[in-house]
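Each of the next two complexes has chain A plus one other chain: chain B in the first, chain C in the second.
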Partner chain A sequence: MARLIAQRLFNSLVSIALASVALFLIFEMSPETVAADALGQYSTREQRDLWLAANGYFEPMHVRFLDWVRRCVTGEFGQSRLYNRPVSEVLGPRLWASAMLAMLFFSFLIPLSLGLGIAAGMREGSLLDRGISLASILTTSVPPFASAVLLTAIFVFWLGLLPGTSSMVDGFRWKELILPAAVLLLYDFGYLARITRASMADVMQTAYIRTAVLKGLPNWWIILRHALRNALIPPFTVIMLQINWLIGGVVVVEFFFAYKGFGSLILEASLTHDLFLLQACTAVSVLLAVGTQTIADIGYGLLNPRIRVAAVK
Partner chain B sequence: MTEPLLRLDGLSVSYRTRRGAVPAVVDVSLALKRGESLGLVGESGCGKSTIAFAIMRWLAGRGQIAGGRVLFEGRDMAEMSREELRRIRGKRIAMVFQEAMSALNPCLTVGAQLTEVLRFHEDIVGHEAERRSKDMLAEVRIPDPDRVFRAFPHEISGGQQQRVVIAMALLANPAVLLLDEPTTGLDVTVEASVVRLIAEISRRFGTALLYISHNLALISRVCERIAVMYAGEIVEEGPTRRILTAPIHPYTRGLISCLPESGADKIARPLSPIPGQIPAPWERASGCFFQPRCGFAVDGLCNTSHPPLVTDGKGSTVRCLRADEIGADRIVAAASEALAPGEGIAVTVDQLSKDYRLTPPGFRGLLPFAEPLRIRANDHLTFNADQGRTLAIVGESGCGKSTFARVLTGLERATGGRLEVAGQDIARLSVIDRSRDQLRALQMVFQNPDETLNPSYKVGRQIARVASRLLNLGRKERAQRVRDLFAEIRLPAGIADRKPRHLSGGQKQRIAIARAFVGRPDIVVADEPVSALDVSVRAAVTQLLMEIQRTNGTTLILISHDLALVRYVADTVVVMYLGQVMEAGTTSQVFSAPHHPYTEVLLAAQPKLEGDRGLDAPVEGETPSPLDPPKGCPFHTRCPRKFGAICETTRPPEQVTPAGHRMACHIPMDELARVQEKVTT
Partner chain C sequence: MTDTTQTTPTLRSLLAESPILVAGLSILTFWLLVAIFAPFIAPFGPNENLIPMAMPGTRVPDGRLMLFGADHLGRDILSRMIYGGRTVLTYAPLATLCAYSVGVTLGLLAGYKGRWIDELLSRFADLVLAFPVIVLYIVIIQKFGASGLNILIAVTLASSPGIMRLVRGVVLDLRTRAYVSAAQMRGESTLYIMFVEILPNARGPLIVDACLRLGYVTITIGTLGFLGLGIPPPTPDWGSMINESRHFALVFPHMAIFPCLAVSSLVLAFNLIADGLREISLAD
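Then we have the complex of A and B:
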């Protein structure tokens, strides 16, 4: 197991190194664009050259790369043009906000989806299974922008229970997080539930479950001890992939509720050509993707002992 | 009369399908007394496994008991509550499954899967459960119970997995053990030791056995009585000895006579196959179900009334209307003519080696320049295949026989030595570099026809395509060639318009054979060509392969683990173990003393109808890992005739007789001949 972890960590370091080279090449290969973005499009050629020289852009490539890496590691991403503040100061609160939303979302998604999926998969074809599958398909097929409108209409305008925006102007309040999390949950729980259901149903068909039944083990023991662990492998992958999606990809929901999350920050940075901010956002996204993938791989090893061996072979 | 332990009373089981309810088991009555062993023989689809699951009252999804009762200790199991049933499963009636690997939970250790039986049936947990489980592992002859107890199923070998499943079934000391093909997928030597274990355990623990298998020879080693099933019915039941020596029902006779007898070869006693195929449940004939394939069937009798099961008063029952008339004639095919020895050499194998490289385990594997591990799958092989004859390569899994086939057909490239076909060295010529004529000259028949035939094209078209690729034939000639081939493989031409899924296993393998012979190849490599087929079909396909070889004058290279088949089909034999040639010679040389000790073990492990003979102490243990082959003679770790340290240190020299019989062993051949004669007489 220790071997597997070491191997995965090593792999993730390699991935990060490769990604950093790629990022550097994408963002730093044409200094003129960088200077134009930094100084604005009405700057003169001379101004740009001066700026480039001052910021070390005429140094040799490897020096620039190492310097770039050093700045990335220490978090000196430069000044955000849009916010007129250091990038790291802009980035921190946004990431934290996205993490809060993700946490709330996951603390409901995981019990709900896994629970329903397992219940449905245990008795494939039963009334409960059909009901859960139908509900999953219906909710998944409503896009977030539609359900956001619908939920706002019900809970904000009709019942008046929840605030309609989540801009957190008066400081952080959980109440403002409920609607965005609910919209995401409504959209996403069916997907995870169906993955779990399919996986559970497959496991219930296997020969080792048959063995367990014919060994005379009680039902609860068969489910908890024999089926669950095997059935959780595919949903686990999905959950890990969704972390990336939640942090960077839920722009619509963030915009709708005016929530200052990481996804909307990426959008703002790209629309305004705020290059340093965009660079930092991309680096964070890459780090996040590699991180969750590494956790997923190590988690596989814990769930499935065969992978531990396969990795060593 | 005392009530038997387990009684099936007119049991019928059917499956709900799109064609309606399909009867899988029809009116089966059986009785199993305490401590008795009953064998249930039949081919795939005859309903034998369904019976086992019906006894356990576990018919997944679509199955249902349509009639009859299962009585355990006099009680109808249908009337038991779920909890009562749970207490019987695993505790009073335990089951051993085929394919132990999939029957064991991959995520739980062997120990966890054993102790839970005690936890729920005997309320034993903790150290006591662990101790009893380890004791049971020792009982089923697992060499290091402590390690296996902590291991995951994938960390132990196939033979050990099967032993674990047996141990799991025996833990709660059940009264009845149901065994469903418990040795499928195991090597012959491992199979032999598992079967011996089962026989021994039923004697010692007084467990009643219901042993289900398609293999009559295996069952006869374990069981006192045998019931033969055909198309969901029992057609004959009686004491093992009587069934084997004086079978009455034509199907039982057919089953026995289509097995290659261990002492026979293809000239003295050709196989007599049962014609036709096993009917699907919805295609069963009117009258007797076996009548369309029966040589004794009489029109107006057998095809009009369904025969009842008749008891003869001496403990035998038979379901045949003509049982009294057909007497005890055995079905014997006429002897065929012998072949003259080969006139030339088709394949020359000279010091051929094939190494596989593997990434080493652990941290070293992460380094870019780590020395790769080598697995020597073929180690300096040297032998010839005579033109127009059959060369068989035998050995257990991991011996390198399939690797050789892959090198010969160009799927792999050799790493050393020469492989000469038609005067050209093709050892390092991979299949994409071979000329069209070289491809035409060398074709292959695979074990599983489903992997050869494309499921989405009609079979005739698939054969025609090969004809156009390899022979450059025009449309008309192509069609003619396909028609000729269908005649040669004895299939009606109409089959050409069907897709593989509409054909039976035997028909598909015939098509696969036809595909290989389209281009009139000089050499055909057949890798276990009949081992995926049912027993009664196997004989017919073997016969066909030999005929088509003979008419085309093709050199056949047969790769098989089945010694009876090899003895029957081959002219020369090469025995391999861990990548090396252990023995080579003509079939009669290899199959008569002196044998190489490994050949001797293989022969002893072969299930025989005549009962258990040969070596008194056949090998235990399994083939060592090719990653870490033993030093000296590769077989010394399991060799029953190992005689000293030299076997462990020095690679044995090759001894050659003037007649060309070769063997790699430290023991002189005449010495081997002397000790082996003693055993066989």
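Then we have the complex of A and C:
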């Protein structure tokens, strides 16, 4: 088992190392554009050269790369031009804001999707099962930007129940988080429910469940003690891998509802050519994506006895 | 590689076998017809400035009806929607095709050749998949600017690793089959074996995946337009239409609602087709 974990961690480190080379090449390949981005488009040639010299851009490529990696690791991402503050100071609160949104989203997603998926998978082909399949294919077809518009039209324009923006100008209010979380939920719950359903349906057809039924065990006991444990392995992996996708949904939702989170920050950084901010955001998002992929891999190994045993041998 | 005799399915037998496939094909056909015959259907030109912020049902002085109203520049929303169908039905299939050409070729290479080629390509796929998809798009468009071509490039780069992995998995299973060994004995070239012997037998899961991916790419193109990173104005594009309407969403919501319904119905069509095809392939 330790070997499996070590192997997965090593793979992730290789991915991060390769990604950092790629990021360096994309962002820092030409010092000219870096200087233009850092000082703004109205800076003069002399200013840019002075800035480049002061920041070590005339060093050889490998020295620059190592220095760049050192700064990324220690969190010295430089100064954000847009906010005129160190990038790390800008990044912290924004990440926290998105984490709140993600927590709200997951706290509804997990009970809802797993509950529906398990209920549907227990009795394949039932009315409930068909209903859930149809609902999930419909909701996953509405892109987040479209459901944001439609939900706003219904709950803000017609019913007047919820605020239409989530800028939190009057301090933090949970009410402003409802629509953003609902948009993410609407797009995503069907997918997870379908994965859970398929996995539950597979488990219900295995020999050990048939044995339990034939032994005359009560239904709830079979589901709780025998089926769930195995049926929840694929949904667990999918939930972890969702983070990668979730970042995309978060960008859309935060942009639409003017929520000051990580997703809207990365878009702002890109649209205003705030290079150091964009670098930091990209680096953080890669860490998030690779980190959750690694947890999913290791968790899958820990939960699945077959893989656990195979790893020991 | 001989095809067994296939009876061409009639619409009725198809409807009995998979109603959702027929439903998906019907929606897709509707949008294809709308896109092809756009100039004959649309009551106005896509960039014709008439009455700004006209409510749905307003008539212009010459009596023509603006069924869905007009946007902030006075352009007829229905006409822009119809022409927007052309944009998305050009770029989504084109981008998916590009991604598939690259992904399938690399996947065949990795799966059939194996060894260091597989190692190298799989590492590269891992690298691309280490980035959240939206971040890839944002970085690429920020670097190279928003244009139709750059969208094709970005979608290809972001989706081909996933396709490559899928193809590689199928090929690993197929390459030990007798017909592949037979082709190797005959001395066929690697390219011939990859594309003529293996690829046609891998088509089942690929076709389903391609339909699903068409849906994703449609969402992606819409999302990029919505974020202001898509095909530049004034080209009519559903995502951009929604982006432009954002500021009026609280007073004038139908400006965004109709394009939202359009893009959702198109994605639904692709998803239904994928589901129907999967259903049929499982039934066989």
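The rule we apply is simple: the second predicted complex is superposed on the first by the 288 of 313 C-alpha atoms of A that agree within 3 Å, B and C clash if a C-alpha of one lies under 4 Å from a C-alpha of the other, contacts with A are read in each partner's own complex, and residues count from 1 in each chain.
Note that a contact is a pair of C-beta atoms (placed from the backbone, for glycine too) under 8 Å apart; a residue touches a chain by one contact, two chains touch by 3 or more.
Keep in mind the model is a prediction, meaning the values are calculated, not measured.
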item	value
Partner chain in contact with A:85 - chain B first, chain C second, else both or neither	neither
Chain B versus chain C as contact partner of A:173, first or second or both or neither	neither
Which superposed partner A:303 touches (first chain B, second chain C, both, neither)	first
Dominant contact partner of chain A by residue count, chain C or chain B	C
First (chain B), second (chain C), both or neither touched by A:70	neither
First, second, both or neither for A:214, with chain B first and chain C second	first
Touching partner for A:10 - first (chain B), second (chain C), both, neither	first
Contact footprint of chain A on chain C as seen in their complex	20, 123, 126-127, 129-135, 138-139, 141-143, 215, 219, 222-223, 226-229, 239, 242, 245-246, 249-250, 253, 256-257, 260-261, 263-265, 267-268, 271-272, 275
In the complex, chain A residues that touch chain B	3, 6-7, 10, 205-208, 210-218, 221, 225-226, 229-230, 303-306, 309, 312-313
In the complex with chain A, residue positions of chain B that touch it	56, 58, 60, 86-91, 94-95, 97, 99, 102-108, 112, 116-117, 120-121, 152, 154-155, 165, 168, 358-359, 361-363, 366
Residue ranges of chain A touching chain C (in the complex, touch as defined)	11, 14-16, 18-19, 22, 26, 137-138, 140-147, 149-150, 152-153, 156-157, 164, 244-245, 247-248, 251-252, 255-256, 266-267, 270-271, 273, 278, 281-282, 285-286, 288-290, 293
